[in-house]
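Chain naming follows the written order as A, B and C, and within any one chain the residues start at number 1.
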Amino acid sequence: MKFSSLIETLSAQGHAPLGWGGAPDLDLQGLSQISESLPHTVTYVEGPKYAHYIAETQASVVVIPSDATLQAAVEAQGLGWITAQSPRLLFAHILGLFYQPFPGDPGIHATAIVAPDVVLGEGVAIGAHAVVQGGVTLGDGVCIQANVVIYPQVTVGDRTLLHANCVIHERSQLGSDCVIHSGAVIGAEGFGFVPTGQGWVKMQQSGRVVLDAGVEVGCNSTIDRPALGETRIGANTKIDNLVHIGHGCTIGRNCALAAQVGLAGGVTLGDHVILAGQVGVANQAHIGDGAIASSKSGIHGNVEAGAVVSGYPAIANRLWLKAVAVYNRLPELHKAVKQLERQLERQRDQ
Amino acid sequence: MKFSSLIETLSAQGHAPLGWGGAPDLDLQGLSQISESLPHTVTYVEGPKYAHYIAETQASVVVIPSDATLQAAVEAQGLGWITAQSPRLLFAHILGLFYQPFPGDPGIHATAIVAPDVVLGEGVAIGAHAVVQGGVTLGDGVCIQANVVIYPQVTVGDRTLLHANCVIHERSQLGSDCVIHSGAVIGAEGFGFVPTGQGWVKMQQSGRVVLDAGVEVGCNSTIDRPALGETRIGANTKIDNLVHIGHGCTIGRNCALAAQVGLAGGVTLGDHVILAGQVGVANQAHIGDGAIASSKSGIHGNVEAGAVVSGYPAIANRLWLKAVAVYNRLPELHKAVKQLERQLERQRDQ
Amino acid sequence: MKFSSLIETLSAQGHAPLGWGGAPDLDLQGLSQISESLPHTVTYVEGPKYAHYIAETQASVVVIPSDATLQAAVEAQGLGWITAQSPRLLFAHILGLFYQPFPGDPGIHATAIVAPDVVLGEGVAIGAHAVVQGGVTLGDGVCIQANVVIYPQVTVGDRTLLHANCVIHERSQLGSDCVIHSGAVIGAEGFGFVPTGQGWVKMQQSGRVVLDAGVEVGCNSTIDRPALGETRIGANTKIDNLVHIGHGCTIGRNCALAAQVGLAGGVTLGDHVILAGQVGVANQAHIGDGAIASSKSGIHGNVEAGAVVSGYPAIANRLWLKAVAVYNRLPELHKAVKQLERQLERQRDQ
């Protein structure tokens, strides 16, 4: 692709860059990292920290933030450049033009087992050894990779992609444009047991899991169905690998849950919530819109909208940072108190 | 089902409710949550917190704790009610009468690969594309869902259910009435390596995993076999999703391990132990009967029977709660000590 | 095997024991644990803690550390003994002589789906219902167990073993002598999204995962590919179950990552790094050669080579142990400070 075509394509998509410069006929064949850049590629300099790579880069075009110094450095090397309000988003769009993941093979593989009453949309692809049980409805353009298992009565929305070896349990409803990554398990029984003198008695889990449009669920993550009602994930929420979402949780729109996050039963999240890696949230806790929990936080109570929390049990991030600073000097603090006690004792003895 | 039949069925099962009231001929077709109740259903008011829903409920019968105020409120609405010593257990029993999960299709699917010497009990069901290798014994009523893989020499007890895509490794012994959820891996090699100047040398893991009767293992959880001997899970112990149980652990009866718990090698748990979400237990630690660890606890040493522990490293829950309260005021405490030091300095200077 | 043959075999393999004693014609049929030892076996007494088992053992030969007291105790029972500089390594070698895990069935199972252009080395074994997509290259002696799925353009080195139900995504490069355990997912898309006013926009992940020779990846662990470039695991690094390795991480040689460890994106580890269970490492952090993080540590910044760190946020282990000791007495410390304040107030009032 010529550099000029790239600019035109981005503009036509409504992602017009704020600025660009350089020879319009540069030949672009892909992208590369600035630290290991290759000829005929677009690369990305996130900020001044990476500016030293510009002098040696083999790339032809550099995505940069709107920054006169960086622009001058790139121009001094005779390279093309391109910038936008969000250079990271711009780079994502360019990457999407040059690279798309392997699509599944079209059609239904001869070894797939599809129950006779399954409703198939247009252009559904089902991979080898996949199993689709009774009463399932698959929308247009659904792609099911090899060895996926879909239990009965599941609905899958248009263009949703199920990667290899994931399992979708009975009655789950997956919206359109979702991606379920390999090994994820959606809609299995919630962990519901009643303690009795004779041990744990199972509470049947008759509910279902509902994913709204555009949800992604990472590899080997698990989302459980509740005893009654729904576990629901709001539109465009993204979930990383090895995340556990307990039965009866309700998660809003546009949230991001990083790897190994765990939500106990009945947790509710507002919209735009961000939970960093290994965060845990206890039963029935509520986290308000736009709240952020830093990695490994343990949340028991409720978190207000817009709050940033850290630690275990989680507290306001600002307070936590100060408490951590003192924690790391606790041995000194302890000594100081002991010394004060001795001084006062000496005073009394005088 | 008529309300009167429900009462009779519960009584016949030995789960006699302590009391009930209302029209015996109410027509009941299922259950619903009190917050979104539906006509012709049984619903559940756990306590006064949910009492305000009673005035608006569309349900016909309400399970309540033994509480005169709640009973009066329900009767005032002309609704049926039912109570028992454990209303939660009562609700679980009623739910089990109206709902059971999808059973596997009966028989052995044409695409399942079953080694010629596999011993099959009565009424075994094996799903599509499941693989059962040599020397395996399956008890009566065993149900193996699609794409399950069973390695050689495994024994599976009567009525045990293996959900889609789980893997049972060589020599594992699963008791009767167990449930292995989707993606769980039982009996894989423990993480045994000996450090040497040339790197890690594998310690072969020749042992096996044994699950006693009634054990449940959650989705994508892993239970490893040891170098020698057994990793053993006691009867009726329930394990949630994404739990790791290291090689050579011994877990007692009726324990509950919540999601993302991790036990290192050689850990021993007594009976009735409860580990909340994301708890970690270090090598060779012992946790006594009936002990409870709250979420995210990190346990290094031994925990006495009946203890309740929290924190990292875990300490008595009562002490931890007090320590947390001070931790959250550490910046103030630090300032107070600095001020005391200044005051004493000033005294000395006078 | 006669005891004398065992000694000869170990010597021939270059793992010469430092010493041994007892009847050369003892008949050895396997190994057993010292706590539950069996006749005709080799057992292992790691140190004085287990010495009391010697008087009752039914084993024929005991592996011991070089220790005159233990040697005398074993000889007093008329047992054979054997020792080496690393008795644990010696025991691992003996175990490997008596036990090897089940190999896969040889050949390509009739139900495996192998794309026509797959390049197959000598002696490749592919299990039932495995799926190997286009452009894949499998080295000599590769063993692929049942229900494994390999996406296009993957390379698998000689003698590498893929256990049941694992998934290898597009373009991944697995070295020789690797082991991928059941349910692991290698090379899936990294968690890359750009925040915008319209929600998260996917950053395509066009990179790949590279495992060098001798890497092991535990059950249900996940290693993601990056937007550009590689996620790389160095030779002979061992990874336990349920570990998450984010996109763009670079891990050195001979590292060990215990269960449920999580590395965010772009983390770099040197060689010989050990991360204990449930450790988390934040974006872009670097951990130097030979560093050790104890269980549940949360690492944000960089860790120097050879450091031992603990806690969250992680600090030097020695400091952490002291801080923990004070933490557990924080309620007392708080009282002491309050009392000092009262004393000084009283002084002022006088």
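Things to note:
The working rule: contacts are C-beta pairs under 8 Å (C-beta built on N, C-alpha and C of every residue); 3 or more make two chains touch, one makes a residue touch a chain.
Note that the structure is predicted; figures quoted are calculated from it, not measured.
Counting the residue numbers used at the interface between subunit B and subunit C, under half appear in both copies, so the two copies meet with largely different residues. On superposing C-alpha atoms, the copy subunit A sits rotated by 120° relative to subunit C, to the nearest 5.
Subunit B and subunit C have centres, each the mean of its CA atoms, that are 27 Å apart. Of all residues in subunit B, those touching 2 or more other chains are 111, 129, 147, 165, 183, 220, 242, 260, 278, 312, 327, 333, 337, 340, 344, 347, listed in ascending order. Within the complex formed with subunit B, the subunit A residues making contact are 111, 113, 129, 131, 147, 149, 151-152, 165, 167, 169-170, 183, 185, 188-189, 191-194, 196, 199-206, 220, 222, 224, 227-229, 242, 244, 246, 260, 262, 264, 278, 280, 282, 298, 300, 312-313, 315, 319, 322-323, 325-327, 329, 333, 336-337, 340, 343-344, 347. Considering their complex, residues 31-33, 36, 86, 88-89, 91-93, 95-96, 98-102, 109, 111, 127-129, 145-147, 163-165, 181-183, 214, 218-220, 235-236, 238, 240-242, 253-254, 256, 258-260, 276-278, 295-296, 312, 324, 327-328, 330-331, 333-334, 337, 340-341, 344, 347 of subunit A touch subunit C.
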